[in-house]
Every structure is written in structure tokens, then in C-alpha cells.
Amino acid sequence: MQTDKRLIDAAQRAGQHLADRDTPFIFDCWYVAGFSEDFDRTPRSRTVLGRSLVFYRTEAGEAVALSDRCVHRSFPLSRSRLDRDTIVCGYHGLRFDSRGQCIEVPSQAGNCPSGIGVRAYRLREQGPLIWIWMGDGEPAVDLPIGPWLGSEQWPGSNQYHYLPASYVSLHENLLDLTHLSFLHAGTFGTPDFAAAPYSLELDETKGNFKLVRTVSPTRLPRVWAEPLGLTGIESVRKTTSEFIAPSAHLVSGHFYALSDASNPPNTRIYTAHLPTPETATTTHYFIHHARNFATQDTHVTQFMHEQLSAAFIEDIEGLTALEKLVSMTPPSERFEISFSADRAAVAMRRWLKKTATGAKES
Amino acid sequence: MQTDKRLIDAAQRAGQHLADRDTPFIFDCWYVAGFSEDFDRTPRSRTVLGRSLVFYRTEAGEAVALSDRCVHRSFPLSRSRLDRDTIVCGYHGLRFDSRGQCIEVPSQAGNCPSGIGVRAYRLREQGPLIWIWMGDGEPAVDLPIGPWLGSEQWPGSNQYHYLPASYVSLHENLLDLTHLSFLHAGTFGTPDFAAAPYSLELDETKGNFKLVRTVSPTRLPRVWAEPLGLTGIESVRKTTSEFIAPSAHLVSGHFYALSDASNPPNTRIYTAHLPTPETATTTHYFIHHARNFATQDTHVTQFMHEQLSAAFIEDIEGLTALEKLVSMTPPSERFEISFSADRAAVAMRRWLKKTATGAKES
Amino acid sequence: MQTDKRLIDAAQRAGQHLADRDTPFIFDCWYVAGFSEDFDRTPRSRTVLGRSLVFYRTEAGEAVALSDRCVHRSFPLSRSRLDRDTIVCGYHGLRFDSRGQCIEVPSQAGNCPSGIGVRAYRLREQGPLIWIWMGDGEPAVDLPIGPWLGSEQWPGSNQYHYLPASYVSLHENLLDLTHLSFLHAGTFGTPDFAAAPYSLELDETKGNFKLVRTVSPTRLPRVWAEPLGLTGIESVRKTTSEFIAPSAHLVSGHFYALSDASNPPNTRIYTAHLPTPETATTTHYFIHHARNFATQDTHVTQFMHEQLSAAFIEDIEGLTALEKLVSMTPPSERFEISFSADRAAVAMRRWLKKTATGAKES
């Protein structure tokens, strides 16, 4: 037995229109560069979309991102020191201001040539996140997720993982709830979830892909039942998973007692999954957890953080194993059979491919 | 001084007809997939001839080998769980039977599409070994070594080494007894062995290459003298080294007291060297030791195992160093000068190259 | 802000004429193969200019360098044993004399074929150093540095570092004194040094590039002040940095009290920087420290060795980081803006490129 040759051929033809690890990055997008606390008065390096960057903050606290490569002899500015708001190259002392302009070349003593600098990237700080614009022009779009981030009504926590897999695989994982009963059988994947009905809202023009799944009645997994006081109570489990941008996927959970179904409370649990490609096959995986209830209860924050972390580590281990297996499979033997449950993920990958390829041609 | 330019040119021309690490694999052959004990109710991964496989046993004990890559999203089935005789993908729960056919897609609830599956490989269990057929068609040849394997008359032991070198180099090492006095000077390479006369039986049609070397009188190395009670006794040392297939080389030792030469005992010591290529430059090196005397004596089994292991580790270290040096040598500067003692190995490598290249063209 | 497009284009055009990690090696040159103490009766391997070599000494003490690859089956001779002045391959016992000629093939019993051997490289021992000629013909040039090496008037010490960076970057680092105040701010880079005047002697015909910098009056860093008894004394600091060959850069320090300026003492401190490329991006970095004063004082030797080591490790860490960043930068995005302080380094790299490319064409 193996898959029918015609099915393989069809899968490979269809695959040409879907983004994967070989698809170019989409530069015209806000990506998370780091958490707010990653930026301070110590220069740090991070590679984003294949480009080596250095991050720091000015004395006034403004976040700065510059190309890490000194234009003189390619020394990493991240191995350099800050002098007030400027960064002084650790090799020959070239001084760059926070906009990347070279304002001093010590060997030229007072005669700094003009027109020299390292690229500065536009940043925006939004609550716990610092976003970066990697595109060449002015930012053409808004930040992908909303103003609730970091507000007092939405207490939360941050999580970072280094993911040795393509960000496309992560997005596909996030738009797919059918894996919960299998990959997360031990954490939040209750058995009735995979087969439950769902509705899709797929907008291939805007690049917005939403999946809504409601299970009712059900018993909630511990991670949600405990904070909401719904342990052992017949409940409604409604989850919205939404691809918003190459850099953002928002999961919104609405869980309440079945007895409150006619007038459900306004409690929400958000998990923002914020993948930033490092290279084609490695990803900075930022996560921000938040909720709009029990806002003063740090035990709830801690408990939800720990419970969800365990589940996301299952995704990371699975995607890492998958990436490794794909890398060992000759390209000519790669194919993926898709099912109707993959409709949202396939639409998302088709949009990513079209957008990345179009962006590349411009 | 360096090798004469004309000799180098001639060596490089001759080398084009000899198999090496750049020669394609020979798929139409039974290879050892693992020892019997490697197959149980825990799915395990192993790469054979460049292909990622998953192994397990059915409840009835039948060994199963499938392509490790789930056809849906390339998740490794080896990270999955068994449910009776089926394997259930750890990502989205696709269920495959032991012939590789997909028989359930949970998200399709009762409507499993037909024609989908992972490749199943034909296996044969023979005593301590499980063989795999990697070719596309039906097995066209028999298992390379005989029914004595695992029988009560032939007690023995298993040994596995991961060899970071080409399987061709290992076969060449095995068909060559002149290295014993040097690489194995400290173990079983007695000084008189390298220069002793030998006879060859080289059949380039069938791919069978045999080397018989007799040293008499001699003192046996400890590994053989002790179990046979020949310590300090003038003995005959007769060794047959036979390349049987790309996956099998059998060494047969016949050692007896010189005083018994007119009517030698029927004692034999077999070592089956069973290389299975993982990649072009890495090899699963399976070894099975056996003998037809002292069949109830587990001390003998243990002693011979330990003594021979030490010698084979010398081969492994040597071949690993050789492979590393070759990888650092630019292809244009690679050449090998052969001597008449290399006749068997050269004939074997010529056959491998011809067979592999022919197989590739078909 | 980023560097002006026209400046980048001009820098990339100019860069095509400058040696870097992608420039072929220059073979017609004496390189340091090792320190004298690296050669003894134990065969050792080292890769020089991409070629794997084995080193040893004959019984009479003569240093030997041979190709490490046995011509029979590519076994590393460095895993072999010496027998008087010959090296006996650890695999099949081929015996090579110290000129590389194969003089015994054990399996051929007394009938060693002629014209077979491994390449022997010409060596010259000079005090603490052993030089190797990697070129194809007879050595066309003299040893790059002088007979003072190892003499009693010039006591000194040796230092070896494995540098994971191009030897070109190291030479550029050595011909550039403007980095001292930054990369060596904590060791010998006093603040007044980077901006001090200097004179250049650049001979692009002979490939000799010299930079002389004098700072006066100044306070010497501890490494020189203490041994010379000039701590806290107004002094003259005169340093000559000279690129002599692809394998040698000599730094000569002349430091004395300002009050002796009319009749300065003849004290000199030499540091010979002796880079030998291993591969395009890795370098054997040999250093020899010497001085012509306090010749019996081993404390001075020890003190200067330790102080200078600390500074050179700063160079090594910096160049390693630089090399890693360059390797992550796509070639199309690499460029280097040069300033007038880079004049010596740029002339040197232009000469290296011209010489390497010319050598390659011949």
C-alpha cells in the first residue's frame, strides 16, 4: 500500500500554490521584535526575517533597532557599548545615532563623512510588545492586534520559545483545531473537540482566516475550568482562532456554564500567538496570554501560564520533529494530502504564497 | 616525492568504475532493518537507504515497517501511538493499518477517503534478524544468509554500531585480510597473517567474492584459542571471508590443532557483518556472532562477544577517520592506488558500481 | 537612515579588488607549520591551506611534513606509527620514508612498486618556528622574518590560537592601530593612541606595508611600562606594524622615557603575528613574543606573555564575531566603507588579491 500516484501528483500540483518553508518572507508587515523587557540599555542581537539586528533603548526609553553590521568592517554593533543615545562600534569606534546615522569616525577626527549609516527599523511599542516594520517603505498597515494589550483590564503574561521550524507550519497548526485531541491529548484536547462542528470565515482578499468551534455541553479542561470556577459543571466551550497577519494569530476563548447560555458572561481568554521568522526554518515564537476577569488574581495568571505552556511545548516538539523529517525528505518526494478540515489552513497558506510572491516581484 | 602523475591519472580512471560513497544505493536487495528485539509495541524510527521509516510489531507479533512520514502534514509516525495493529498519527489522528493504508481521518468522521496510505515495506524475520526489501517490485532474490541463523545449534550474540562511514568502505575492509596485522595489531592480527597465502573465488556475474586464507602452523589469538582449548598449541587458522550481497558479508573461521589436520573437527565460528546504509556516508552496522560448539556455554558467548567487539571498534574508528579525511579532500585530488592484494575488494566494488548504476538506469 | 546607495555601489566595486575570505590562498609563501615543540616522535595532523598534513620528526630530529592521506585507501597517516624514520600506515602497513616515498607494501612482500608516494613538503626550522613551503615549485622567496628568532639576545615565548575567521581579517586588524582604543580599551589601548599621527610606507610591488605611529609624550600601558621601568614616567611610544608576507606581520615597539629622547636606548619589543590559513574562514594563529632587554628575567617573559595574551584574545573574539556575522549576511548585501585610516589595510588587501589571483592563473 501507498498513496495513489494520481493523488500524489494532484497534491504536488496543489502544493505549488501553498506557502511553505521555501516561500519568501513577507516584509510588509509588523512583526514582534521582542517583549518590552527585551529592550534596555544593553545592546542585544536578534535575527529577524534573515536580517541581523541590534536592539537597545535610548536614555529616554525609546526602543531602537538597527542593522547589526557596522558598515566599516562588518563588526556586530551588538558587541558594542552605548554612549547616551548613540551606539559606539566595539571595533573602531564608529558612532551611530539612534536613527542609524554615522556621526563620528574617530580616525577622521572631527571630519565625519556624510551619507553613511546603518539601516534603522521603525518600531512601535504596544503594551508588552515591541513591533518592527521590516518592509522598505512606510508602514502600509496597522498593528495586527488591538489596544487591549497590556491594559489593566487585560492582565496577562509573556512566553517566548525558540522554534526550530517554519513559521508557516506554526500558523497551520494554529488554524487547525483537529489536532487538539491527538497532540494535546494530555493537556487541553478533550476527546469531543476534534469532531465538533465549526464555522469558517475565510477572506482571501484581506488575508483574514477565522475558525469558530463550539462544543456544548462539555466539561472544560482544567486550564480553563479552574480559573472560571467551572470545574465539573456542564459548560459551553466556544473558541475562535483567527489568522490576522503573518505575524499574528489570536485565539479567543469564551467559556461559561450551560445554565448561563441564555445570558452568557462577558469573560474572555485571549492567547496571542506571534511568530516572527528568524530564518526559513526557525522562528521566534512569542506568546501573550491575557484575560478580562479575576484581573487582580496573580495566582490565576500563574496557573494559566503554566498550564498553557505545557500544551504549547507539545506543539513545539511536534513541529520540530516535523521540520526535521521534512528536511530529510527529498523535495521530489514531498507532498501533503489535505482534507476538508484543512480548508482554513490551506486558504491561509494560499494567501501567504500569493502575498509573498507578489511582494517579491514588486 | 609524490605519486607519479601517470599513476594518479590511471588510478582516477580506474576509480570511475568502482563504487564509493558517491555511488547510488542498490535498492533491490534484502537489508537488515534491525534485530528482532528492536521491533516491539513501541514505534521506533530508523533511516534506511536514505528513507525515514517507522518500525513496530502487531499484537500477533508480526513486524511492520512503514514510511515514517504521515501523508497529511509530514508528522513522524514514530512519534505516534499504536492502537491494536494500527498506528495513529500523533498530530491529527490519521489511522494507518499495518499495510500502510489510511483507514481513518478523524476530522472526516466515518468518511475516510480511499487511495491514501504510507508505503509499507516487506519484512522477513530470520532468527535474530529482521530483513527489509527496499526495492520497488517484488523481492527478486533470497535472503542473503542461511537458515543456521538463530538455530539452537548456532548460539550467538548481536552487536550494533553506528558507523559514520560509507558501507562501501566497510565491505572493502571486510574483503581485505591484509589490514589485520596493522589495524588489529593489538587484538586478532597476528604478525604472520598479512603475508600468508590466500586463494580467491571472484564471481562478477553473481556478485559473490570469496577470500580464503590459511595460516599453518600458527598460534591462534586469544579470542579463538581459549574457547576452542587451543591456547599455546600449534594450530591451523583457516578463514573464509565472503561478500554475499550489498547487505551481507560472512566470515567463517575454521581453527584446529595441527595434530588434527588429517581429520579436522567440524567446529566453525561465524561472524555475519550486515551493513545497512543509512545515508551515503553513514551506516547501520549490524553484526551477528555464532558458533556450532560449546553451544550451552554462555561464558564462551560472552567472551567471544567482548573480544570481537574490541576488534570491530578498531575498524569503526579507522573507517570513521578515513571518511572524515576523504570528506576534506577535494574530489579532484582523490585517488586510490590498488595492489594485487586488493583484487577481491576491487572486483566487489566494480560489481557494486555496475549493479547500482544499472539499477539506477532501469 | 542607511548608507547612501551610491556609496554602497562604490564600496562593492572597490571591494572586488580587495582580498577577503573568498580569495584563493597564496601558495608560494613560507607559512608557519607549527612551533618547534609541535614536532616530535608522535605523528600529528594539521590542515594548512586546505590540505591535510601529518607532522613528525626523524630520529635525528629533522622535521617532516607529508600529505596525511595514504595513497592506497585514504587512511590518515597521522593515525599511524613511526618506525625509525619511516611512517607505517595504520591500516595496511604501507611504509613511507621521510621524503614521502612508499618503500614497502606488506602484501607485496619485497616487491614494492615504484613511483608511489605521498607529497612531502619542504620545511625550515628557525628558532622556535617551523616553516612550510606549500607552493608547487622550489621556494622562490626567503623566510619572511629574521635570524633574531630564538637567539639568546631575543628571549621570548610562543602562543597559539585557533581563530575561526579569515586570515585576511586578521592581517587587516594588525595593520590598523585605530581599533586599539576601542577593542582594547581595557588592555593596551590608551585613549590618545587612535588619533595620534602616523606615517605609512606602502610598497605594492614588493607587498610590504608599514605603519609607524608615534605618541609623545604619553604614559605607557602597564604591559610595557612595568618591564621597562617606565611606570608613571612621561614616555615616547613608537610602534611599527609591518605586513611582510601573507604569513607574517611584525610589530616592533620602541618605548623610552621622554627625557631620553635625544639619545634613546636600543630596547625593542617584537611581536611576530604569524597567521597560517587552515581553511578560507579558519586560521592557525601563531604568535611569538620577544625582546632584547632583561634577557635573563623569566618574570618579564611571563608578565608580558600574560598581558599580551589578554589583548590578543580580544582580537580573536572580535574577529570571530565578525566572521560569523559576515557568514549570515547574503553576499549581495555585503559591503565595507573604508576611511583614510584604512589606507594601509586596503593597499595590503589589494596586493593579496592581485597576488592570489595572479598565482591562480599561472
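In this document, chain identifiers A, B and C correspond to the written order of the chains, with residue numbering beginning at 1 in each.
The definition used in the following text is that a contact is a pair of C-beta atoms (placed from the backbone, for glycine too) under 8 Å apart; a residue touches a chain by one contact, two chains touch by 3 or more.
Because the structure is predicted, anything quoted here is derived from the model rather than measured.
S.K.: Nearest 5 degrees, what's the C-alpha rotation angle taking chain A to chain B?
M.R.: Copies differ by a rotation of 120 degrees.
S.K.: Please state whether the interface between chain B and chain C is built from the same residues or different ones, using more than half shared residue numbers as the mark of same.
M.R.: Because under half of the interface numbers appear in both copies, chain C and chain B meet with different residues.
S.K.: Return the distance between the CA-based centres of chain B and chain C, expressed in whole Å.
M.R.: Distance between chain centres, rounded to whole Å: 47 Å.
S.K.: Among all residues of chain C, which ones touch two or more of the remaining chains?
M.R.: Residues: none.
S.K.: So in the complex, which bits of chain C are touching chain A?
M.R.: 1-4, 6-7, 169, 172, 176, 178-179, 181-183, 194-195, 318, 321-322, 325-326, 328-330, 334-341
S.K.: Can you name the residues of chain C that touch chain B in the complex?
M.R.: Spelled out, the residues of chain C in touch with chain B are 47, 50, 52, 67-69, 71-76, 79, 88-93, 99-101, 105-109, 113, 115-120.
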